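In the two complexes below, chain A is the common chain; its partner is chain B in one and chain C in the other.
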Partner chain A sequence: MFDISFLYEAKDVKDAIKKLVENENSEIVSGGTDVLIRVREGKDAGMGLVSIHNISELKGVSIENDGTIVIGAGTSFHDITNDDIIKKYIPSLAEAVDTIGGPQIRETGTIGGNICNGATSADSASTMVALDACIVLEGPEGERIVDIKDFYTGPGKTVRDRCEVCKCFKIKKENYENYFGYYFKYGKRKSLEIATLGCSVLVKLNATKDAIDDVKIAYGVAAPTPSRAVSAEEYVRGKKLVDKNLLDTFADKALSDMKPRNSWRASKEFREQLIKEMAKRSLVNSIRRAGGKIEYYV
Partner chain B sequence: MNYIGKSNLRVDAYGKVTGKAKYTADLAPKDSLIAKVLHSTIANGEVISMDVSAAKKVPGVVGVFTCFDVPDVEFPTAGHPWSTDPKHQDIADKKLLNQRVRFYGDDIAAVVAENDVAASQALKLIKVEYKEYPVHTDARSMLNDKDAMALHPNWRKDNVIAHTSFKSSDDFDYDKAKLKAIEEYGEENLIEVVKNVKTPRISHCHIELPVSYAYVDSNGKVTVVASTQLPHICRRVVAQALNIPWGKVRVIKPYIGGGFGNKQDMLYEPLNAWLSVKCGGKPVILEIPREDTMIGTRTRHPMDGDVRGLATKDGKLLCRELKNYSTNGGYAAHGHSITAKCAGIFQNLYKNPLGVNSEAWTVWTNAPTSAAMRAYGVPQAVSFAETLTDDICFKGGFDPLKFRLDNLCDENLVAGGVKFYTYGLKKCLEIGAEKIDWYKKREAYKNQIGPIRKGVGICSFIYQTAVAPIALETASVRMILNQDGSMQLSLGATEIGQGADTVFTQIAAESTGISPDKVYVISTQDTDVTPFDTGAYGSRQTYVTGNAIKECGLLLKKKICEYALLMEDEDGIKGKKLEDLDVSDNYVIDKNTMEKLIPLDKLSTTAFYSFTHNQHITAEKTTDITTNTFASGCTFVDLEVDMPLGIINIKDIISVHDSGTIINPALATAQVHGGMSMSLGYGMSEELILDPVTGKAYNNNMLDYKIPTAMDSPDFKVEFVVMKDPTGGYGNKALGEPPTVAPAVAVRNAVLNATGIGFNEFPLTAERLVHEFKAKGLI
Partner chain C sequence: MSKKIITLHVNGKDREVMIDERESLYETLRNELNLTSVKKGCEVGECGACSVLLNGRCVDSCIYLTMWAVGKDIVTVEGLRDEENDDITDVQKEFIKEAAVQCGFCTPGFILKAVEIVGHNKPYTRDEIKKLITGNLCRCTGYMNIVTAIEHAIKHNMDKLGVPYEVMPSTTSFDVPEDEKDKMLESLLAMQNNDVTKI
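Our next item is the complex of A and B:
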């Protein structure tokens, strides 16, 4: 039994917003894989839950005429991994959400919940940050679009108001076309795991595939929110793949952009080592996927 | 043999796979009240006062009971056979709810309510006022503080539950032995390793949580249905805790979803019984959430040992020493017995020509209570002994396999009345070495450089099959022949998921001649009905209870044959003597000619309904097993270390077991698989971590506590060295716990081979690896 004051199945987004406005002590539940845990732990005990679980307009992936990919917030991880558009254009997102939890969690958990939960460890978050995704929110005042870089405000905190429903994510063509990506989840075990560190890299090579046109690298758990390593990205643009210092300098710059902390879960020393090594391996894997040749021991 | 050594399907397979098999929570009456326990939020101190007024006002709350309401009775919780000698009884140091708080999470109050939500809400409304004392979460810090307050002053003033020293001879002293060795061999011809090894606090992680429901029946009997490994001991402890006659308590044990030793302690059954009594005997169910289970029930002992060992430069082990500080937590539970068993195995695994000292302290601390967990101190014993061996080999340049073959205990070992009636240890090593291709890989893995390195490692072990002669090993069995020639098999030994019922069925079939499909094992124990047995712990049941089943079966068979002689009208019976007859495949046969004489269904129907020779053929047998035989074995690992990320990738792993006759090879293999997985958790990822200042656990949940998943598990390979042990019912020795002893240390030793770094703190987490590799400049 869950200690909740009510569970309301919203008919559509507007209906959900209305219910949320009417009940101050209520929150949205979608897949329930975070909210119900908080209720069980007593943190959200006694709250009313407004379910957007059965709203079909929030589910599914589509592509607009200008090539913008639209991912419904209520799309489950399993459905993202198996979606043809995602597999074709942004396969590293398909891989990233396939590392979440176990099969049952991936069947019910949604990308909207994963992002709106605000956790730096969310496996979809670093890839969405690397993709410069936009987040479409609708609240009592109407719709607004927020860039993901402006979305997170702190650990577990976002700009989303309690009464705003996250409807979908939009990824512009320029942010995925000709990019090849890799998501590296480092956990203490291979499934049923929250990332100790997550690293998502997107690489665009030049036409001759011997130099880097652009790189985007984003981490989870390397800072309080999912974060881009901007100086690493700047350094690596235009560099030749044969450059001997490429990987080491890229990794050092990435580390300097992050703020890893010391905790019982992982020491700062360990996190720093992972930030550097994962930067290298993620970049190497992305370059190889892009058709480039680069030497590394794995 | 007809039924021994066959991979019979589990007798409970279909019920468990389809979900039809009933467990405690499935059986609780629908109108049961729900109980929940309030745990302390300090690790050492006293509850000064509690305000329960708000909690009592929550609609649906039936009662709130605090540490000020419970009987002033301290009781023992260990699942040991009772001793009639007060000096050998378990320490009685726990009340149903405790006003004197000894660890973070101690039980201080309980709520009973009509529903789960009301009970949770009421728990949150209880206001507690504490007086706090300084906290010591581990044995060494407790002993180092000379002013530390006694947690159980009625028992000990210094918090030391026990301190023992097992020596090869009374006057053995390691330093003197070393001087003697220097004199004999010269210092330059000796190799010594001195180090400290730490083992982690582990949670059992049985799938079914600790759960029970209790009620007082219409005749006033206090009845507890519980997920316990040992219903008869549970009955005794519930009676002791409630201070009522033992016969006033009835314990029923349905199917249980694992125990691994945690349910070898009485956890919440006594409190559950008392709460029902307080609520007018109404059924009350008490299920402990996972988070509370991990800190509030039992854990494996964290141990912290100073180890020394001396060998000659040509690879002869001379003498060893262990000084082991074992953290027992807030309550005594099993007392010193686990640490003592650890000390004994350390002492006896090797020959020690110049002697050995294995010294141990078990200490009360402000930490979760440590008690039995699968293999009872032996994983820690080999963590000390087998890492020492490989460090000596590394330093001396010895081959770890050859060193073991030269120095391990041999077939002549006799220790505390336990001996190898059959000895397969070195054979296990030879088979394992061949399967892993030991010598070739040792050669191939020499002088590696670079960030990815390969290694092979070994760990060996010995293991006492039962607990005799230290403790009583008693078992009772009852067999009842039905009208159709089938039988009920009733025993106090328990099925806890390990497959006991299936193995018992095979032993009953073998000894009676009644085929397994006609043996109906009664899986549920009910102390009002079931014959006595101390239950599932150690690796005892197939050995101890198996012997009782065999003897009972032979008795039943004799009675069947005696009855056959009364059926003179049957062809071939006239003129036969008892010694001519046997039972085989559901027939009474002439054992000389193997001729089938009377089918058992006909014999049984006749016996039940005969006007002239009416008999209900039953047999009952109690055995007290006083022999105890060593099982043994080893694990070999081949692995790769990804040094920049601290990742260990196991490429190949094989365990070889000397466990006598294997009663059911499929079940035995599965038992080894489970043990290997459990050991790899201990070796590589699992540890329940406490904040040393507050005593609060950081990771008492299944996300932050890293039990390996199926995805983390390599393919487990298993081999058996089969030798028929003369003391086992059908030649069998221990196999329940031994599989979870060696794999962890084999991994550690393979990492040493791969990287040159010998890790001395388990588990070998990536963070520990990276830290050491960085410190040594390897990454």
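Our next item is the complex of A and C:
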């Protein structure tokens, strides 16, 4: 039995917002794999839960006419991994959400909850940051769209108001077309593990596949919020793949952009080492997926 | 907090139950419907002992509210039956044959996960099976026999579908020579009777 004051099954998004406004001490529950555990630990005990679990309008992935991919916030990780649109256009997101928890968790946990929790360790977050996703929120005053780079304000904190429901994520065509990605999760176990560090890279090569057109690299747990390594991205733009300093300088620049810290999971020094190594490996793997050759790196 | 009367579709039957809406699904299944194959383990969705099939997909029932399961098809181990042969399912038979059961606490969860995996009708490799069962923990078997049992259960299914599928040979053997059998039986009986001289 969970220590909650009430459970309200919302019929649709508007109904959920109405209930959230009426009850100050209430929060949204979608998949429940984080919220119910927080309740059980006593952190959110006594709160009312407004459930958006069975709202079908929040589920599913679709593609709009202009190529924008729309991921419903209530789509479970399992459904994202096995979705044909995601598999075809953003396979690195499918891979990233396939590293979350275990198979049973991925069956119920949702991407909306993963992002809205505001955790820097969320496995979907770094890839969504690299993809420049837009978050569609609906609140009592209506709908608004927030860029993911403005969404996170601190550890566990986002710009989402308590009464706002995250409806979907939009990924524009220019942010995924011709990009090839790789998600690297470092954890002590292969499953049911929170990332010690997560790194997501998207690479676009030029037409002859010997130089980098654009790179987007985002980390989880390397800073208080999931964040991009901007100076590393700037450095590699336009660089030739045969350049032997490419990887080392890229890794150093990535480290200078990040602010890792000590935690019981890993020390700051270890995380710094991981940031550099994962930057290199993720970049190499992305380049290889894009059809480029890096011969000097094994 | 008011109690509610809801109808759950469990193991092929509609069951009317009175629940508290704060309940999680494993509490309702165990306490109201006496389906004790659903185990209470870690209660935070890590061990998989409370796994049940919801619309054919394995879910941790400890972090799943009962109210969410209304209208869904719930299956627990009690509901598994090979209707054709009026027998237990192939998955259960293989778990017994491969000695994939020791203390048995994790077994219902593993069996349901295995039923889901076999139901995919895909010739999974050993490594793929290992990844698919990462949501279930077993502290006794070391997983070897569980993976082999699932592999053999998939093999039965693949044979029916006519798909070639290679499996690792069975790691357990019940084909003990006749004279050995008597000795083993004797020592087992001695163990039960605490007769140290004959073990």
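Methods note: the second predicted complex is superposed on the first by the 295 of 298 C-alpha atoms of A that agree within 3 Å, B and C clash if a C-alpha of one lies under 4 Å from a C-alpha of the other, contacts with A are read in each partner's own complex, and residues count from 1 in each chain.
The criterion applied here is as follows: a residue touches a chain if its C-beta (ideal position, glycine included) is under 8 Å from a C-beta of that chain, and two chains touch if they have at least 3 such contacts.
Model, not experiment: these values are computed from the prediction.
Participant: Could you tell me whether chain B and chain C fit or clash when both sit on chain A in the superposition?
Facilitator: They clash: once the shared chain is superposed, the two partners overlap in space.
Participant: Could you look at A:54 and tell me whether it touches chain B, chain C, both or neither (first, second, both, neither)?
Facilitator: Only chain C; A:54 stays clear of chain B.
Participant: Counting only touches as set out at the top, which of chain B and chain C does A:107 meet: first, second, both, neither?
Facilitator: The answer is second: A:107 touches chain C but not chain B.
Participant: Is A:1 touching the first partner chain B, the second partner chain C, both, or neither of them?
Facilitator: Both partners.
Participant: Which of the two partners, first being chain B and second being chain C, lies in contact with A:32: first, second, both, or neither?
Facilitator: A:32 sits against chain C, while chain B stays out of touch.
Participant: Does the superposition put A:297 against chain B (first), chain C (second), both, or neither?
Facilitator: first
Participant: Would you check which partner chain A:19 touches, where first means chain B only, second means chain C only, and both and neither mean what they say?
Facilitator: neither
Participant: Between chain B and chain C, whom does A:190 touch in the aligned arrangement: first, second, both, or neither?
Facilitator: both
Participant: After superposing on chain A, check 275-283, 401-409 or 545-553 and name the one in chain B that bumps into chain C.
Facilitator: Clashing stretch of chain B against chain C: 545-553.
Participant: Going by the contact definition given at the top, which residues of chain A touch chain B in one complex and chain C in the other?
Facilitator: Touching chain B in the first complex and chain C in the second, residues 1-3, 102, 190-192 of chain A appear in both lists.
Participant: In the complex formed with chain A, which residues of chain B make contact?
Facilitator: Residues 115-117, 120-121, 124, 450-452, 642, 644-646, 685, 689, 691, 698-699, 702-704, 706, 708-712, 765-767, 770-771, 774, 779 of chain B touch chain A in their complex.
Participant: Considering the complex alone, what residue numbers of chain A touch chain C?
Facilitator: Per the touch definition, chain A meets chain C at residues 1-4, 6-7, 9, 32-33, 36-37, 40, 51, 53-54, 78, 101-105, 107-108, 190-192.
Participant: Which chain C residues qualify as touching chain A in the complex?
Facilitator: The touching residues are 1, 20-24, 27, 43-46, 48, 51, 57-60, 63-65, 67-68, 113, 131-136.
Participant: For the complex, give me every residue of chain A touching chain B.
Facilitator: Interface residues on chain A, with respect to chain B: 1-3, 42, 45, 102, 186, 188-194, 264-267, 269-270, 273-274, 277-278, 297-298.
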